[in-house]
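Shared between the two complexes below is chain A, which pairs with chain B and chain C, respectively.
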Partner chain A sequence: MIMVLIKKELLTELRAKESFVTMAAFSMVIIVSFAFTFISPSGRFMEMAPGMFWIMVLFTSVLGLQRSFAYESEFDAFSAILSAPVDRGEIFLAKWISGSIVLTMVETIAIVPFILFLRIEIPANLLEGIGIIFLGNTAIMCLGSFLSGLAMRSRLSNVLVPILLFPLLSPVIIASVKSTTGWVRGLPIGVWETWVFILVSFIVIFGLLGYTLFAHITEE
Partner chain B sequence: MLEIRNLKKSFFHQPVLDGISFSIQEGDSVSLTGPNGAGKTTLLKILSGITSKDSGEIMQSFKSFLYLGHAPGIYAGLSPVENINLIANLHHCALDSQRVDKAFSDFGLANHKYEASRVLSQGMLQRLKWMLASLMDWELLLFDEPYSALDEEGQSLAGTLFQSWKGERKTILFVDHNTERSQKLSSRQFILQGGLLEEDSVL
Partner chain C sequence: MNPFFSNRINLFWLATVFLLMVVNVINIIYNTPMVPDQEWAQKIFYVHVPSAWTGFLSYFIVMISGILFLIKKDQKWDRIGLAAAEIGTLFLALVLITGPIWAKPIWGRAWIWEPRLTTTLVLFLIYIGYFMMRSFSDYPERAARTAAVLGIIAFADIPIIVFSVKFWSPEIQSHPQVEMASQPPGILLPFIFSITCFSILYFLMLRYRVHVLKLQGR
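Our next item is the complex of A and B:
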């Protein structure tokens, strides 16, 4: 059943392209702004790159999350899902997984101008970097999907999502930036593994909370 | 069998359903009428699991049900055929593609099969709901205002379908504001008013 829901999420999103295009365009604007703001004689941004990257991801993901449940409200489509014999935890998982996929697609597009505009040297151990980005995306979308579901029925959902999301995601952003910094500096994983454990713990805790509580937060 | 005992629901401390009780037997077609704000939609939403109840008991022996609400209840960005397949999948119902094609023709939606549902008129969206009900396997149908926005041809199609369901002794609970029509279609009629189920007359 979860595959049916994920397919629906991706089809809805990729058909409308609203979130995807907005997120990709917004990430480009941030990259260009950073490139012009932090221009320096050395022309290198390696020290600042992890922070810039995760700020870009954070703001970009909020745009996607705000649209995530808007599709459900239009035509009251969510009633079709809620009245079907579907575990509501699976609805949360589908939102989470599809949101992470869309965010990864946007990052895949944004990473090229990010490297070119900010003249970033690609660090060794690419797999470590991919792993950190995967964990960061997963953590952001986990909490984001939960909060978007929570705010869906509120008149102020567009405002409520970022207000709740930004402070609650602080540990994720800090852990992601610290892990990425360790990776780009070429430090051994033992030095920054604590931050990775924080990311994993966050995903496990909020993943379980979301799966368990989603039935209650979607009730009218 | 569907049995409701002392069902209560309030919104913002305003009771909408104030302890209603009733039962529906298999094969009943039951119309639910009442003024606006009487709680008809709320009752259907509680029975379908969308809205939670405050208290009371709901006991039912139906293996499957289909809820069709007042709103289209489909994804505006997906085509009608994608929506039909999605909802069928969610209900673990395998649809034969030839039967689906025939249904699209019968309901006059063949030319709109692959368009985004967003561009369909209210009447077409209503026909889509009837088509969905005709394609799916269900033992209990909860239908909120089934005749809303339908033109004469649509009403005729719907009427034929409704009579065939009655002939098959399928169980239907529907909301309709047209008393004359609901009396014709239903075997029993409930009237909700002031949060109470005021009348249950065997027609």
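Our next item is the complex of A and C:
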């Protein structure tokens, strides 16, 4: 059943392309703003690059999260989903997984201008970098999808999502930036593995909590 | 007289808390030793740390009452959770005010991203969101449910925040971390007394706020 839900989420996005296009455009705007703000004679952004990258991801993900439950609340389709014979925790899992896929697709496009405009050297061992980005995306979308569902039926839900999300995500922001910095500087994984451990712990804890508690926030 | 305090037991606790707090303040001013280099600035420690203890205890109660509300669906647990969140945030605000007052003469700067203060600030921001969430909900039943869930999520996040903030940036947190166990008895005993006074004050405030929320029909 979960595969059907993920397919539904991705098909909806593929047809409308609302989240994807707005997120990709917004990430470009952020990159250009970074270039205008932090440009220096040396033109080297390597010191700040991990921080800038994750700020871009965080702000871009908020745009996607604001649209995450938009269809359901606008057309009251959520009541229909709830009446389907499906575990409500699986609805959360589908939102989480599809959100992570869309965010990764946006990043795949945004990383090109990020490297090009900010003149960033591509570090060796790309596999480590892909792993960090995967964990960071998964952690952000895990809590983000849950909070998006939590705020869905509130007034000003668009405002509430970032206000709730950013402080709760502070360990993810720190851990993602720290591990990316370790990777960019070419440090051995043993030096920054603690941060990877924090990201994995966050995903496990909030994944389980989200799956368990989602039924309570969707009660009619 | 306020109906809450027309109850003799509540009145007894009000008088006890008042007396204990007066004794606590006198004790802090006259009986605690002056710490070299810190002098009077260190006295705020007897208010700062008990406030932090009370704030974190309060958020623990928010989580417990959130779990109980989701299981039992009894409005009593929602009232306790809301009251604990309000009072906890009040005490954390006190921590965020007294922390920089203590830090300025000791470390030369009011804010240096000290791990415990940073964790407190993050929690304070989470609970600002908690209150906004409650106030932006049109249906009280739904607001109670989302608040209960948020209380659980926020408390589950605390150990991860503490851990990540502690190792976040050692180069800007290079001040000595004092452990309570290593404090001399002249400091430790008044500190324990102060923490007891704050805890009793907290439970009286919690009882009072729950009573008021019940009268308001929440």
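To be clear about the criterion, the second predicted complex is superposed on the first by the 220 of 220 C-alpha atoms of A that agree within 3 Å, B and C clash if a C-alpha of one lies under 4 Å from a C-alpha of the other, contacts with A are read in each partner's own complex, and residues count from 1 in each chain.
Simple rule for what comes next: a residue touches a chain if its C-beta (ideal position, glycine included) is under 8 Å from a C-beta of that chain, and two chains touch if they have at least 3 such contacts.
Just so it is clear, the structure is predicted and the values come from calculations on it, not from any experiment.
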item: Fit-or-clash call for chain B and chain C when the two complexes are aligned on chain A; value: fit
item: Cα-centre angle that chain B and chain C span when viewed from chain A, reported as a multiple of 10 degrees; value: 90
item: Partner chain in contact with A:L168 - chain B first, chain C second, else both or neither; value: second
item: Chain B versus chain C as contact partner of A:E219, first or second or both or neither; value: both
item: First, second, both or neither for A:I198, with chain B first and chain C second; value: second
item: Larger contact residue set on chain A - chain B or chain C; value: C
item: Chain B versus chain C as contact partner of A:K8, first or second or both or neither; value: first
item: Touching partner for A:S83 - first (chain B), second (chain C), both, neither; value: first
item: Superposed arrangement (fit on chain A Cα atoms) - minimum chain B/chain C Cα distance in Å; value: 5
item: Where chain A meets both chain C and chain B, residue numbers; value: 219
item: Complex contacts: residues of chain C adjacent to chain A; value: 70, 122-123, 125-126, 128-129, 132-133, 136-138, 142, 145-146, 148-150, 152-154, 156-157, 160-161, 163-165, 167-168
item: Partner chain B, residues of chain A touching it in the complex; value: 1, 4, 8, 11-12, 15-16, 71, 74-77, 79-86, 219-220
item: Chain A partner contacts - residues on chain B that touch it in the complex; value: 45, 48-52, 64-67, 69-78, 82-83, 86-87, 89-92, 116-118, 125
item: Complex interface listing, chain A residues touching chain C; value: 143, 146, 150-151, 153-157, 159-160, 163-164, 166-168, 170-171, 174-175, 178, 194-195, 198, 201-202, 205-206, 209, 213, 216-217, 219
